[in-house]
Every structure is written in C-alpha cells, then in structure tokens.
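You will see chain A twice below: alongside chain B first, and alongside chain C after that.
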Partner chain A sequence: MVIFATRLFYLQIIKHNDYVAQAAAEQIKPLTIPAKRGLIYAMDGTSPVPLVINQTVYTMFADPSTVNEESKVLSTIRQVAGGNLRPNLEDLLSRRESRYQILGTQLTRQQAELIKKQNLTGIGFQEESQRVYPEGSLASQTLGFVNTEGKGQYGIEQSLNDRMTGHDGLLKSVTDVSGVPLTIGNQNINKPAQNGDNIALTIDRNIQAYTEKALAAGLQHSHAPNGSVVVMDPQSGKVLAMANLPTYDPSQYNKVTDASAFDNPIVSTPYEPGSDIKTFTMATGLDKGVVTPDSTYNNTDSIKIGDRTITNATKGQTGNITFQHALNYSLNTGFVTVEERLGDGTDINDQSRNTMYDYFHNHFGFAQNTGIEVAGEAPGIIIPPTSADGNAVRYSNMAFGQGLDITMIQVASGFSALVNGGTYYQPTVVGGTVDDSGNLNPAPLKAPRRGVITAATSATIHDMIHTARQAFYAKQDKAGYDIGGKTGTSQTLVNGQYVDNQTVATYLGYGGDVTSAKYVIMVQVSGPGLNLQGNLDALPIFTNVSNWLIDYLKLQPKG
Partner chain B sequence: MSYQTTTQFYSHRRQASWNRNQNTVAFVSSVKLGPVAHTALVALMITVLGLVYLTQATRATSYDYEAQKIDSQIADLSTKKSDLEVENARLTALETVQNSNVAKAMTAPAATDYAH
Partner chain C sequence: MTPRRLASKRSTGTQVVRRHKPDYQILLFMGLLMLLGLVVMYAIGPQRANVLNNVYGTDYYGSTYFFVKQTISLFLALVTFAIAASLPYTFLQKHAGKLVVAGLGACALLVLFGNLLHVDAIAQCSLGACRWFSLGPLGSIQPAEFLKFGLLIFTAGFLGTRAQQGLINDIKQTLIPLGVLTATSLLFIIVIQKDMGTGITLVSMLAAMIVVAGLRLRTGLLITGIMLVVGVGLILMAPHRIDRVTTFFSGDNTSDNSANGYQIDHAKMAIGTGGLTGVGIGNSVEATGYLPEAINDSVFAIMGETFGFVGLIAILALFTALLLRLLRVSDHLVDIRLKVLVAGVFGWLGSHVILNVGAMIGIFPLTGITLPLLSFGGTSMVFIAAALGLAFQLSRYTVFGSKLRSNEYEDSQRRRGVGRSRNAGRRRFA
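Showing the complex of A and B:
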C-alpha cells in the first residue's frame, strides 16, 4: 500500500507538470487562420471595380503507393481537369516508391469537388489562394504581382505589401482525433485573422484602357518599341492612368524573360525630357519677373556659352522676337537667354544657376522621389550649382531639357502646378480603401504645397502653353476647349556623346474647359536607333487621348 | 375621563428570546441511517454529480461539432462567394463588355447637346 501510494504521489504530484505538458502537446493544436490578402480596385467613374482579386484554387496530388485504380483515376481527372494536368500522368502514377506527386495545378473548386465525389484512393487536394486579374494586363506595371512566397513584387503589390498582407490569426485549442477544435480546456486561444486592406487606386480603368490602346496605336505608327503615357488630375495629383509598352501579363509573370518589363518607367526611369522643360524655364523667368511673354531678345539661331555654341533645331526665326515666339518654335536660344536673365542678363552666373536649381529641385520637385505609391521610384539627378559639373554649360542645357535626368511622374506633377494656379500636389495612385460591402473610403488628402509659383505666373504660363499648341496644332483639338502643350525631342547619350540619330519624343500638355485644367498628359516614345520627334511621334498620342478624355469627362465647351 | 396605560415588562432576557422564536419547530426523524447507508448515499450523490458533469461536457463537445460543421459551411459558402465574385469580375471586365452583342449593336451619337 505504501509503495502504491508513493508511486501515485510521484506520478500525480511530482511529475504533474511533465504529464500535463505531454498531454497538452498531443491534445492542443495551434491552427493558423490565414489572413486574406487585400484586393486592388480601380475606379470606373466614381465606383470601384476589381483589378486584382483572390481565387481559391487546388493542387491535385497523388500518393502513387496507395493508388489502386489507376485507369479510373486517369479517366476521371482527364475528363474533369484536362487542361490543368501534367502531361506525363502515367509516368507520375507509376512511381510507386514516391508518396507525393503533383498531378495538376490551379484546379477550380468545381473541378476539385467533382473529382472528390469519385472517392479515388490516393488522390488528395491542397487548397491555395491565387491572384486573379479580370482585366488581364491592364495597368500591370502599376499593380505588380505576388510571388510564390506570397510577397508583393513591383508596383502597388510591393509598396503596400504590409498593408495588403494583413495578419494571420491563431486558433489554439484541444482537438479531437480528427483535428476538430473543442472548447474544453482552459488554454484555448482564438485570435481572428486581420485581413489586408482592399486598396482603391485613383486609376480609372476606362482612361487606363483607352490610354493603353492609344499608346499601342501610336507606337505602331512610329514603329517604336517603347512608350509611356501618364494622365493626371492637375487639381489633386491623382494619377488617372499610367500606360507603358512593352508590358506583361501579371498572371503569367513567371514567363517573363526580361525583368525590366516589370518596371514602371514613368516612375523608375529618369531621362532627359527635352524641350517640354522650356515651360518650366519660362515659368521660372516669369515668376522671378525677369521676362514676360512679350519680352524680346535677339535670336541669331545660336548662342555661345563658355566654349560651347548652342543652336536652335528650328532655324530662321531670327531677329528681335518674343519669348512666346521662342516657345512656339521651341528655340533653344530663347530659354538660354531666360536663364541668363535670371542672373546678370549677359551670362549664366551663380545667381542664375542657383535660381534655376531652386525652382527645378525645390519648387517643381525634380530629381527627388515624389513619394508615389509605386515600388521602384528613382529620383534621377540634377547637378547642383555647387558641383564642378554644375557649370554654365550644364545649366544652359538644362534650360531646354537636356543635362538633367528626371522621371515622367516628376515632370507631370510639376507641370500640374504650372497650369493649376501654382499648387504642387504630391502624385498618388491610392484613392482609398474599399470595405467588405464594396464601399469606397477615400484616403485623406496629402497636404499640397501652395505657391510654388504665383497664381499670376501660373495664369501666364498656362496661356503661353495654350498659345504654343494653338500656333500649329489647333485643328487637331475639339473646338471650344482649353488645350495646351509643348513638344520635346531630346538627344540621347551614346558612348558618352549626344547623338541626333537616336532621339526620344515627348509631349507634355493639359486640357480643360473654361474653368480650369482638368487633365495633364505626358507622352514619351523611344527606341534604340530611332530618330523620333515630339510633334510627329508623341503629340498624336496626346491628341488622341485628349480628345477622348473631353468626352469621357463630359467637359463642356465654351459658348 | 381617564385612561389606563398597560406596559409589559419582561423579567429577564431569556423570556424575551423565547417569545421571538416561539414558532420554531424542532424536527427529529424517526428513521435512523447507519454508516453503510450513509456511504451508499454519498456514492450515489457523487455518481449523479459525475453524470451531470459528463452530460454537460458531452453536450459542450457536441456543440463544438455543430460549430465546426457551421464553420465548414461558412468556409464553403465563402469560397463559393469568392468564385462568384471572380466570375462577376470577369463578366464585367472591359474586354468582355466590349465584345458583347450589346456593345456591338451600339452606335456613336451624331451630336451632343450641352446644358449651359
């Protein structure tokens, strides 16, 4: 009796904690409740529509050692899920030494249920979630994709990965032999999963789709392989469309051979934008009060800066001409002159370079990340006047858009400030979140920077840009609207030298009604070894999108 | 006219206490239980309590299975809902709409009137 009592005492008192721990290890199972990744919506007017959604799919596997009706298995799965199966099914099922062979992937729920009903021994299913893109490759370089580890790559998927991932929940509970959680016990934990945010983009799917088509048509016309178009609302900084070619299908991202297709060049590829930058140089001169549209200078089609001579691409507009005239004909000499007048009027000195740097970098936001929510944004570069390379020649080139590397999103955002009254809105592609009922909760507005140029300067440059477009291309626009724009044709560097036979075509413009500018469009077309012109290769794409937008936005004409 | 006042005085505390509890009944059972009967009764009570506990525990577990069934149904319906959302998104995608018979039958307006 004493031995018995002693043994009981040992087991129940002394070893109590050990056995409780062993029992808990066997009976209590932690189950992860996976959080759902947030969806991505675009706008269709004022309603959110899904661009990226989740779908449950199934991987079908076999344990060949237990499959006993091979012919029935083969006929059933081929009948139900023919397109999702591996090609060598007989070979996979004959590997009797293996316990796990994948027979098919991405089966739908209906397919999986039909096969399950047949009670095929040795056949199992593994559930997983995959991203589905109902609009195909629409805005793919803005969206990015989710890799096999469930991590967002490129675009919104990468930049907002944390917000969209959510947090897995935990269910820790005593389970029965088949794993069913039971409420008995006092160590149960039930922490619900917190799903990721559903993100609503500012991208309008109709504008995006039309812009992509217009870009494709434009590139086909120019026989150019690369092009980008960004459409923005200048009154808010919201990006309405970002189209790039070549592009890719995010549902087939693993088949892409050139990873550069994943980048969004509008935010990640700085370049020398060319003559469209003259609008910024002019705005700087206007804002500092050193020039007006009607001020004149003596154009000789060339101007000497240091040991370099800068010439005009368009010759013959010589004599005393106005700066409006210089803008209409995109004369380099005019804007080098503006740059000189920012200093002592005869030379590009420290004062003029400092002023231009201040406006370009600090006022217009060039050569710094805009903070747009698309992964891979590159700041580009503007050589500061304090650098040895920031000399007069450099700054004379910058006056007409060469010698600086900046992105399209920087230029379009700065341009919005030029035409909207002088307010810089940080560009954004995130319009808010969408709740489970499909309602849009708008994102708080980012604080704008007011007065980057004065309202008077903005009004003047707005009119100058309008006049510059109307001088040659008025007939291309719908009558009764306020459309303005500026071409850009920039040389590119090949082996450290600027060349004329490989140029990048750009067009930068706005459109609106009598009240204000309603959209800003920037177009870029390029290709190795191609001599492309802003007015021939980029402008038609702008015009196409602009005329369509007037109808889509239901803008009313004058009169 | 004169009134006579009557006042009761108790001679001591014991008499007062007795009066307050005068309805108290002292019951003395005529059945006498021995130690074996006591033990059997206690065992019976423990058994009944055990059965009550087991009934409750079993009932709780059966609720767990019910809850599990409902959870499975919810998960199944949620998957079906997701599938329908995917199908809905595909059917309302721009490409699908543009290629629909309705869209093909549409004509461009000849003129637009603006309300000024």
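Showing the complex of A and C:
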C-alpha cells in the first residue's frame, strides 16, 4: 500500500502537469464551425426578398463492408428517396472491400431523418449546404452560382465571394472519443463563425421579371437568339434589371454545355454600339459649344474623310438641316460634322480627336471597367488618337458608334449622365446588406462624378433625345410622360469587313416624369446572320418595358 | 445478546467460543466502498451509455442505465452478504464439496456451449474466450467467481482439517490433492477461459489460506517456484499475455500503441490529470470513451481523475482498513478452519485490489480483473459480498487475543476493539 501511495503521489502530484498536457493534447480538438454563406436578396419595391437561399441537403453513403441487411437497406432507401439514388445500388453495395460508396445525393432533411430512424448499419449521411433559387433562373447571370467546392462562380457570387463566404468559426473543446464536444473543462475556445453578408441587390425582382418576359417576347417576334436589356436608375447608378437571353438555371449549372451562358453580356461582352452613340457625340459638341440643336449643316448624304466616304443609311434628307433633324433621322453625316466642328470644322484633326477621346473615355467612362459588382467585366477598347489606328477615319466612325468596342453597362451609365444633369454615377447592383431579421442596411453610395457635361448641355441633349423619339414614335408612349430614346443599328465585323446583312439592333432611351428621368433602358438584339433594325427589333422591347415601368414606378403624368 | 453455545464442531476442543457482536467495521468499510462506486457510476454512467449508444448506433442505454443496474447489483450483493452472514457456516461447510463440483460443472458447461457448440444465446465469448453465461435480460454470470467461492469454503475445511491433523506439510495428504484441485480449476480458468487475472486471484486466495494453515517456509518456496514456472509457461502460451507483459516492461514512456498500452496509458493519464483533488464528479473526460473499460476494470483510474490523489488515498485506506479487519478476524479466530477461511477472503480481496490498482498505476501488468465493490458488474460484487458476509459471520466468534501469538500478557490495551464482554471467550480458556 505504501508503494501504491508513493506511486500515486508520483503520478498525481509530481507528474500531474505532464499528464494534464498529455490528456489535453488528445482530448481537446479544434472543430471548425462552418460560416453560412450569405444570401442574396432582390428588391420588391422597397423591401428585400430572397433570390438565393441555402438549404441543407444530405449525401447518403454506405460503408459496404459493414452493411448487413442489404435487402432492407435497398427497400428502405428506395421507398424514401427513390429519386435521389444512384442507379446501380446493388453494384455499389456489393463492393465489400470498399469503405465509402455514395448511394444518393441531395436528400432532404426529412428523407434523411426517415432513413436514419431505421437504424441501418453501415449507412451514413453527410450534411451539405446548397444554394436554392426560389425564383428559378431569374437574374441568373447577375447572380452566378456556387460550385461544388463552395466557391462562387460568375456574377456576384464570384465578385463578392469573400464577403458572402464569411469566416469559419473555431471551437476548441474537450471532446469525447468520437469527437463530440463536451461542456467539461475551462480550456474551451469558442470563436463563433462569422456568417457571410446577406447581399441585397439593387435589382428589383418585378422589373427583372417583366424585363425578362419582354425580352423573350421581343426575341420571339424578331426570331433572334440573343438579346440583352439593362434597366438603370439614372439618378443613382443602381441597376434595376439585367436580362439576357439565352440564360441558364443556376440550380442546374452543371448541365450547361456552353459556358458562355454564364457570362452576363451586358457587362462582359463589348460590341460596337452603333447610332446610340450619336447622342454622346452630340452631347460632346453641345458641351464644347460648337453646335446647338438648331445649328445647321449641309447634308449631302455622304461625307469624305481621308480616303473613305461615309454615307447615311437614310437618304434624302439633304440640304441645310439642323442637328436635331440629323438626330431624328440618325444621319451619320451630321455627327461626323459635329466631330469636325470639335476641331477646325473642316477636318477631324488632332484637337477633335483628343476632345472626343477625352469625353468618351474620361467623361462617359467608355472602354473602362465601371466597377459593377458582376464578375467578368470587360473594358472593351477605344483606340486613342495617339495610336496609329486612332486616325481620322476611325474617329469619324466613332462619331456614329462604329470602330469602338464597349459594353452596354458603359453606354447605359454614360447615358444616365447625359439625361440626369451631367452626373456620372458608377453603376452598381449591390444596394446593401440584409441583417438576420430581414432589414435592409443600404450600402454607402459611391462618390459620383459631377459635371461630366454641364447641366445645360444635359438639359439640351435630354430634350433632343426626347424630340428624336417623339418624331416617329410618340404614339407608342403613355401620354404625359417624358420619354426619349435613340435607335441603333450597328454593322458587325465579319472577317474584318463591316457587313450590312448582320446587324445588331439597339435602343437606348430614358423615361421619366416632368421633374427628371427616372429610368434608363438599353436594349440589344442580335443573332448570327440576322439583319436586325434598332427601330423594328429593339425599340418595341424598350417601349414595352417603358410603358410598364411608368405604371410600376407610379410616375405622375404631366398636367 | 443471547450467548449461544456453538456446536462442538466449531470448538477447537480446547476452547469454547461464544457468539458475540460481529465486527461491524467490515460492513462499514464495505458499505462505504460500495457507495463510492455507486457515486462514480452515477457520474460516468451517462457518458458510458453515450459511448455505447454511439458504438451500436442505438439509444438503448439510458443515462441512468448503469446507475440502476449497479444499484440492483448492490442490492443483490447486500442480500447475499446478509445470507452469507446468517446462514450457519457449518451448513455451507458441509456442502462445500458440492459447491466446488457445481462450479467446475458450470465451467465445463461453458466449455460445452461456448467452445464446442458455440451457442451464443447461452455462452458469451470474445476472441475464443468464453467466460460468461448469458442470462438474457438479467445480464450474465461468470462461473469462475462461483468456483472461487466454492473453493474458498471447501479448501478452508480441507486445510483446516489437515492442520488439525498436523498434516499440512504432508505432500501426499495435503499438497497433491490441493494441487490437483487447483490445477483443475486453473485449467478451466486460465487455459480455457484465458482469464489470467481470475486465475492469479484464485491462486493468491489459496496461498493465503495455506500459509495461515501453517505451511513450512521451505515447502512454500518450493510451491512458489513451481507456480512461477507454470505461470511463465501460461504467459508464453497466450499472445495477449506476452503483449501485456511487454507493455508493462516498456515502462511509463511507452509509445506502444497496442490495445494494452493504450489502456494503461489512458489509465495513467486519467489518474495523472486528477492531481491533488481531482476534476470533480461528472467532469471525467477519460470516461467519455478514451479509457477502455471505464466503469469496470478501469474504474480506479476514473476515480483518480474524479477524486484526485486525496480520493485514491482514501479509497486505498478503506481497502487497507477492510483487509486489516479481515486479518484481525482471522488472527483472532480460534478454529483453524475458520482462520483459514477468513484468510482466504483476505487473499481474494487483497489480490483483486493489488492486481487491479497495480495495473492501473502501471506497476503490474494488466490482467483484466475488477476492483472489488467499486467496479460495475454483478457477479464479482455478489461473490465478494458473499465472502465478506462469511467473514462477517465468523467475526462473531473471535476471541480477544491473537491465536497466532502465544503467551502474551493480557492487559487492558489488548481488549480494545474486541467488542464483546471481557469474559465472553475466556470461560474455558486453557
């Protein structure tokens, strides 16, 4: 007994700290508390509604070496979760040497509980979180998706991946032998998981849904495969809707064969925007004071620049006509003339080119990333006048929207500055965050660039665009509102040559009440080998969305 | 108390001993140890149940499962204690031979059902060792413990008679018959049931008895020598024993990752983390599945973790006190057969405690036996209670002086703790 007592004294008193350390090394295990990925909300008017939520699903696996009631296992899981199972269950279960075979995926909690209740030996479940899209494919190219490793791909899932991922927590706890944390001891460290931010988009789910519907109807009417519509608030840069076709279902992203469907062409596919750009050329001329809506030039339906002759698409409006007239009929010569007047008035000289580059690139933000929170933004390109390619011919083309590659989001954002009084708002799809009780915390606005054109210029170009639309399409708009817009039919380069039999139809316009422009809509319709016209193929979509928006936004009519 | 004359069989012929108050300290120490075991069962039962539920994927074991079962075991043990304490010893003595035969028969049946017929419903086997009869929902019973109890009484009578005849060192009359009986029992327990621990405790019990019966030192050394040779042989026969011995000799800083090394490492870890005063009831971590056999064979280590150095010393003190009481009873009995019997109880209890605690603190190899009165498990509890009950009964018949010491002066000091009237045992003192 003395020996025992001595030994106990040695073990418990002298070596106590050693054993405590040994025990701690074995018993205290760090456990990761997974952070929840943030949800994505759209706006429904002023309140956020979920577009992307998380759902816990279960992967069912078997340890075939320990499964002993194979027929009971098969009948139970087939009855409970028939649709989620692998087709070759018998084969999987017969692999006796294996310790892990996945039998089924994406089981609901209820299915998993039902199977667990049967106490089947050798059957286990792994919990996984998966993204669920209550609105289906709505705004899918803005959202992106989350891949099997839990990483956001495309859209804001990719660009805001870090914010939405959050930070996993750490639980350092005394656990039992199978790793279950115990409440014993004071060495437990509990760093709670920081869940990812719930993102509230500026996208309004109703506007998005209507826009997608209108786009689909328009494409069907035009028999065109591709189309995009962006709707923005020109007074803030908030994107209210971005619709693209073709699109995809983010819950089935793995079934998409052509990865280009994941891109959002509005931000990631630069193109030659065409005649819409005449509004920017005009605004530049107005801002520089070299033209007014009523100043005139002599239209001969063609103009010679260097070795090229530029002609009008619409012929016959010859003679001394105003620039408003040229805008109404989208006469190329008029805007090449405006650009000449930015220089010495007879030629597209360095000064005119520098001025145009300055306005397009620096003031309107063309060929620069806007910083919109959608992954995969492409800047496009404007050849600077200092480059050999930035010659007079190139710049004469740019006056009516050819020879530059820019994205719809750049054009729509610049256009917002044209019609809102001259303030450039950086476009955004993120309106803020949503807290756990569903309240919206608005994101701070990014500093706008004021005075990209003067307020007076803005007011003038605003009116000119209004007039241009009213010249032909007044009857299509609801009475009492201020609607303006410009068609575009851009030629595309096929094998390095501009061709007339494959054109991109665009329409760029705004709508508002008597006080200000409330929305900007840009429409683009295209298809390989299709000759599409801005006024026939893009404008009806604009009109459709515009008239609906007036009601949806409850704009006050004039008078 | 009514003084009752014992039957002549109980007297030595030179002395008549009157029945007097029993030694209640035996009951006290036994009760304290049992209660302590129950407390620990209450504390770690839920964790143990959790571990088992996890292993078997059920929720069969409730959080009070072990506490309730242990309470039932304790109740049974106390009943057995009461029976053993009141059933006249002579009656048991008369039927001791039958008990041994029944014990051996039970072991043989176990061989039949377990090793030969493989009837799992009757015999519980693991790794080819069948040690238990299954009693269905009632639990299970270990016939080796029953055999041990039978041998205790039978051998006491046998050795006592031989001692009275002065033949205790006689090879033909005493040692060979006893050796044959022992060898037969060990054949079942160690060779067939592969239970070295129970075998060692059986041998220890018999050794304590034969020493008290008056074995000569020379003969004793000879027997010890033979036992050692046989013991080493038995160790070499079974791989798991070699394993345990090598684990033992690899010492404190063993990096042995065998199952035994694991159990001893964790037992020491549990004891070591207890420190001076322990982590407290319900805070044992080792009991949550780290330490194997946490509620059975390793309960001493869990108690070390829970109650610390102070607690373990107290537990050892309780065992020591109980063992000393048994020694004292044996010492003060007159009838050599009774002396030998109580010495057997001492050997039984003592060897269990020493082997179990020694293994837990890493100074003996692991043998896999229970810690009496504390470990979870009915069979061990019931039979040790029966043995203690017998000792309790016999403590009524002690005399005030040591019967091993002779011709000492009687003084008032000698009377302390005898607990009976001065003249109770002296009337016909020769």
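By our rule, the second predicted complex is superposed on the first by the 527 of 559 C-alpha atoms of A that agree within 3 Å, B and C clash if a C-alpha of one lies under 4 Å from a C-alpha of the other, contacts with A are read in each partner's own complex, and residues count from 1 in each chain.
In the analysis below, a residue touches a chain if its C-beta (ideal position, glycine included) is under 8 Å from a C-beta of that chain, and two chains touch if they have at least 3 such contacts.
A quick note: this is a predicted structure, and the numbers were derived from the prediction, not measured.
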Practice problem: Identify the partner contact of A:L11: answer first if only chain B is touched, second if only chain C is, both if each is, neither if none is. | Solution: second
Practice problem: Examine A:L182 and indicate which partner it touches, taking first as chain B and second as chain C; both and neither are also allowed. | Solution: both
Exercise. Identify the partner contact of A:G82: answer first if only chain B is touched, second if only chain C is, both if each is, neither if none is.
Key: neither
Quiz item: So, A:N119: does it touch chain B (first), chain C (second), both, or neither?
Solution: second
Quiz prompt | First (chain B), second (chain C), both or neither touched by A:G150 | solution = neither
Exercise. Figure out whether A:P528 sits in contact with chain B (first) or chain C (second), or with both, or with neither.
Key: neither
Exercise. Figure out whether A:G371 sits in contact with chain B (first) or chain C (second), or with both, or with neither.
Key: neither
Quiz item: Where does A:P384 make contact in the superposed view: on chain B (first), on chain C (second), on both, or on neither?
Solution: neither
Exercise. Could you pull out which residues of chain A sit against chain B in one structure and against chain C in the other?
Key: 182, 184
Practice problem: Write out the stretch or stretches of chain A touching chain C in their complex. | Solution: 1, 3-5, 7-9, 11-13, 15-16, 18-20, 22-23, 26-27, 119, 121, 174-178, 182, 184-185
Exercise. Sort out for me which residues of chain C touch chain A in the complex.
Key: 47, 50-51, 54, 57-58, 268-276, 279, 283-286, 288-290, 304, 308-309, 312-313, 316, 320, 357-358, 361-363
Quiz item: Which of the residues in chain B end up touching chain A in this complex?
Solution: 57, 60-61, 63-65, 68, 79-80, 82-83, 85-86, 89-90, 92-95, 112, 114, 116
Self-check item: Residue numbers on chain A that touch chain B, as the complex places them
Solution: 49-50, 53-56, 108-110, 132, 134-136, 138, 180-184, 205-206, 209, 551, 556-557, 559
